[in-house]
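Look at the two complexes coming up: subunit A is in both, with subunit B in one and subunit C in the other.
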Partner chain A sequence: MMRQSSPLLHVLLWVLLSLATLFPIYWLFVISVKPAVDLFTTPSLILDTFYWKNYVNVVGNATLRGYMYNSLIISTSNAALVTMLAFLSCYALSRYDLAGKENIFFWTITNRMAPAAVFLLPFFLLFTQVFVIGEWRLYDSKVGMVLLYCTFNLPFAIWTLRPTMDGIPRELDEAATVDGATTWQVIHEVVLPLARPGLAVTFILTWVFAWNEFLLAATLTSFNARTITTGLSEYVTTTGTEWGTMASIAVITLIPALIIFSMVQRHIVAGLTFGAVKE
Partner chain B sequence: MAEVAVRNVIKKYGHLQVIHGVNIEIADGEFVVLVGPSGCGKSTLLRMIAGLESISGGEVLIGGRVVNDVLPKDRDIAMVFQNYALYPHKTVAENMGFPLKLKGRPKEEIAAKVRKAAEILALEKLLDRYPKQLSGGQRQRVAMGRAIVRDPQVFLFDEPLSNLDAKLRVTMRVEIKELHQRLKTTTVYVTHDQIEAMTMADKIVVMRDGHVEQIGAPLELYDRPANVFVAGFIGSPAMNFVRGRIEARDGGAAFVSDHGTVLPVPAGTAPRAEPVAYGIRPEHIDVRDGGISATISVLEPTGSETQIFAHLGGDAINAAVRERISARPGETVPLLIDPARVHLFDDKSGARI
Partner chain C sequence: MRSNTVGWLMLAPTIAILGIFGILPFIYVLYVAFHQWNPFGANPDMVYNGANNFRRLVFDGEFLFSIGVTIKFAFFAVLSEIALGYLLAQLFMREFPGRGLFRTIHTLPLIVAPIVVGSVWRLMTTPSIGIIPYFLKSWFGYDLNIGRDAGAAFTLTVLMDIWHWTPLVTLTLLAALLSLPKEPFEQAQIDGANRWQIFWHITLPMIRPAILATVFIRLMDALRTVDEVWMLTSGGPGAATRYVGLHIWKIVFPKTDYGYGAAISVIVLYLTLVMCWLLYVALVAPRQKKQEAE
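For the complex of A and B:
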């Protein structure tokens, strides 16, 4: 017989793991509330001073506020668009007998099989040379970034959402059809509410990808659509790195993600275990 | 309410034909059961009536109107599915009221109709619960409630009792029959269970491999099965079949099995050169003096009756008798066959002679 390990050991293990996860964030926060001088003269992990000027500098900086705004708009629009498109695609893949649908499903993911950097040059050319209407270019536009992230997130979202959709019994669609529902009503009244956990997971993962993405944003934006992650890199200059300001931006960057996570946390837990147990 | 007609209906999946020109006429208010083994096409036919499967050929009429190209929502039917198909995110009341909500009926009317249906089905106390909080029988009642609030022209049931335990199945069977007697709505009911078919139907349609084998009232099918398949499918325990020929004997005729056993035939039966299948239901065999001596191989007493599995020479035979049998396996009992209850079928075609 297996020996039961003590509950105390379990608690201790979880506390240690949680601390290990939270430690870098704590460290980041400590750096963000110390003046630059303290960081190098007396490096310490103790939270002994509260130097709020780093935060004041960031919040007071209109450019940084613009970057943050861009990030929020791009990530949220992208996540909403991708989730909606993935939902409709998965509904079609799950419910209709499309010729070669398993091939379509498989090949959608191929653009995630190479590093994003591979696509940098073609995208740069497309954004600066091809998608140009008069003065307007896709380059350095929020629309451009939303569409760009769609190409990377949509396949991934389809793969994430498909099991959820397949897990919703087809009989429910049929029952609703016989009950008098149109296809749209079946989707809206039956499938959509039941797919909510999967949609929440898809939304958050897509949002986090767009929020954290650096390489493409750094290459395909310059000022108008510049995001906060690329904004961070501006504090690494030839004359030095403004660690305090960078840390405070990073802490602020964490806040929207935390808010979104806490809002959909319940669905995420349900979504990640969806279909694991037969109802 | 309405009559339903299925005329020369065909179903093909690519080159594979699964329904071969089926004809069924269902009168207004009639309870018709489609019965047959798995894969016989009964559920496919029901789904074609519902509009969930396209019709490859022929016509389906509901209330005199051809509905081949009519959407399910416009056929004025209600369907109860095998796995109930309740919406898990809606309460019992919302599930039952959903068809009316889709029709855009006022909330007060929906609430009143749901309440009335809930009263009929004893669901009043469960209206605020979700499907996962209900037992199998309760879920089945909610599915029926969802069907009756619409007051449809036709009810369709697709093996609705298959997921219930044996005891609950009997209870629900009675409830569905009571409901039909009360509402008198035309009903098409699919099952693979011939007991369900016999006990519930006004008319049974026996299907096999996409063909209709026989249509008739339950006792008509029991008393005069059209062929070997129907004879074997309807009735429990199943009919005994022995292969052999009808030969002239003692101024009349008698059946002689391939193993040489001689069995009585109905009066007026003429001898035949072609081989026949001799059918006798277990319940039409008695243990009585003057019967043919059979060796018992297994006895199954159930209290109300005893099943005897025995051998008549080289032929296996099963008898179900009311008496309690004191004999033991290996011993012999006299089995008396009532010739008037014997069924004879052509051995090659299986058709009734």
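For the complex of A and C:
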């Protein structure tokens, strides 16, 4: 494996790996364009039927469109907020000599350790009874979901960004400070450009985690902030699963994630020269 | 050094948000854990019952089994993901035609929602409609039935997790590998070190922080897996794949045994913390001591 192998072997290996990676997604698509009666016939690996009715049903459904919109707003706001806060936090953790900062760093990640199922009950009670201002309550609000998703995304972001931040040489900051740059200028003109690849990766990953979250959204929203994953789950029950509809919502759910992903993918590639910046 | 006040100000929003949404529910769960509380039971009120919930837990075979099988799941899944992810990251370090395309393809599973992953794997493995049991049967005569075969169900949940999460490991390790300076490697090659020596003495120590961070993240997520497994096996057959998150869900929701569910949550959180802390101490502390000695 470590020996100098020919590019052809390399490509062949990756083709096989890619087939394994893609097959489940391909199969999801195949099922999404099959009428229900065809599911129980002899499976064929080749896409032989195009039954678009499943998609027509989904797109024509105003409720599902609303869920999609909610998901977009919630995950984008959450990813932006989380990336910004994590950037500031990591800068502080990396550059300042704060008392007990390593304990704070470890504490942040403990927020991600709890099984989500555990906190459904307290969150539900807090959101419906404690975080209430007059008529307005955090339950079933987009703001609530954005803040709530910080509990698992913010620790993740801080832990992914910290190595990046520690990897940017302090000498650069110090040199800029000596040249009379303010803290803001150091952050904005020295650290931020170097941290950009790390920030891009953090943003996509947190966006995707928020977009994909299911358990909390299913419990803490009813309509105004209901997300597409919960909409999807409504078609999957133990008794009678509407496989076709479910699969087509799943495929549609994949599309925005794919678009965002392909946009930031270029950023990651640009970030590959990152190593060259370091001493 | 600049004033620390600015540093604290930068950390303040993070501490505030995680305090309100992290610590507050925790205190609440701790409070509930010391009570007998089933809102839909014979006595819907919260009644203080000391450590009874915890006493019950120690002898609860279902709970202990669930803990054991969760650890087994997390161990196999995370170990395979780290090994495979590292190999793939190394492969991506080379130039070959279509590298960008393959990397994009390899990263795809990451963006698939856990609930969708579970559904897809269920779709592929459900005996009457699944394509995998169909081909295993017609090619190898093997009868795959995840509704009956506990071992097969367990293996499939691990495979599903590997399919879903190896890309994350590859991505983080690739980022770490790319940020390594080139000189030590060039120097080692000039000195005639072989690949294994380079890996063991240079690459591994240098990317250890990244591996550690990745193991942490993956371990925690594997220990709290719910959505995918819920969709694929619903914790079955029997309790073969009833991982601890699912177990808690079953106690809290269908049984509405809030007090006992809260106690389990507290213990699970505690066990997770201890496990991660031990890992942290074992892997980070010796290195820090070494650095201080130098």
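Descriptive notes on the structure:
The rule is simple: the second predicted complex is superposed on the first by the 244 of 279 C-alpha atoms of A that agree within 3 Å, B and C clash if a C-alpha of one lies under 4 Å from a C-alpha of the other, contacts with A are read in each partner's own complex, and residues count from 1 in each chain.
The criterion applied here is as follows: a contact is a pair of C-beta atoms (placed from the backbone, for glycine too) under 8 Å apart; a residue touches a chain by one contact, two chains touch by 3 or more.
Note that the structure is predicted; figures quoted are calculated from it, not measured.
When both complexes are superposed on subunit A, subunit B and subunit C end up sitting side by side without clashing. Residue contacts after overlaying the shared chain place A:Thr151 against subunit C, while subunit B stays out of touching range.
Of the two partner chains, subunit C is the only one touched by A:Ile104; subunit B is not.
In the superposed model, A:Ala175 makes contact with subunit B only, not with subunit C.
Shared-chain residue A:Gln185: touches subunit B; no touch with subunit C.
When the two complexes are overlaid on their common chain A, residue A:Val56 makes contact with neither subunit B nor subunit C. Of the two partners subunit B and subunit C, more residues of subunit A are touched by C. When both complexes are overlaid on chain A, the residue A:Phe214 reaches subunit C alone and has no touch with subunit B.
When the two structures are aligned on the shared chain, A:Pro193 is found in touch with subunit B, with no touch to subunit C. In the superposition on chain A, contact of A:Pro43 is made with subunit C only, not with subunit B.
No C-alpha atom of subunit B lies closer than 6 Å to one of subunit C in the superposed arrangement. Overlap of the subunit B and subunit C interfaces on subunit A: residues 177, 279. Partner subunit C is touched in their complex by these residues of subunit A: 1-2, 7, 10-11, 13-14, 17-18, 20-22, 24-25, 27-28, 31, 39-40, 42-43, 45, 85-86, 88-89, 91-93, 95-98, 104, 106-123, 125-126, 147-148, 150-151, 154-156, 158-160, 162-164, 167, 177, 183, 197-198, 201, 205, 208, 211-212, 214-215, 229, 232-233, 236, 238, 243, 246-247, 250, 253-254, 257-258, 261-262, 265, 269, 271-272, 274-275, 278-279. Those residues of subunit A that touch subunit B in the complex are listed here as 169, 171-172, 174-182, 185, 189-190, 193-194, 279.
Within the complex formed with subunit A, the subunit B residues making contact are 50-52, 71-73, 77-79, 81, 83, 85-89, 98-99, 102-103, 132, 146, 150, 156. Subunit C contributes residues 1-2, 4, 6-8, 10-11, 13-15, 17-18, 20-22, 24-26, 28-29, 32, 87-88, 90-91, 94-98, 100, 102, 104-117, 119-121, 123-124, 128-131, 134, 163, 168, 171-172, 175-176, 178-182, 195-196, 199, 209-210, 213, 216-217, 220-221, 223-224, 226-227, 231, 234, 244-246, 248-249, 252, 258, 261-262, 264-265, 268-269, 272-273, 276-277, 280 to its touches with subunit A in the complex.
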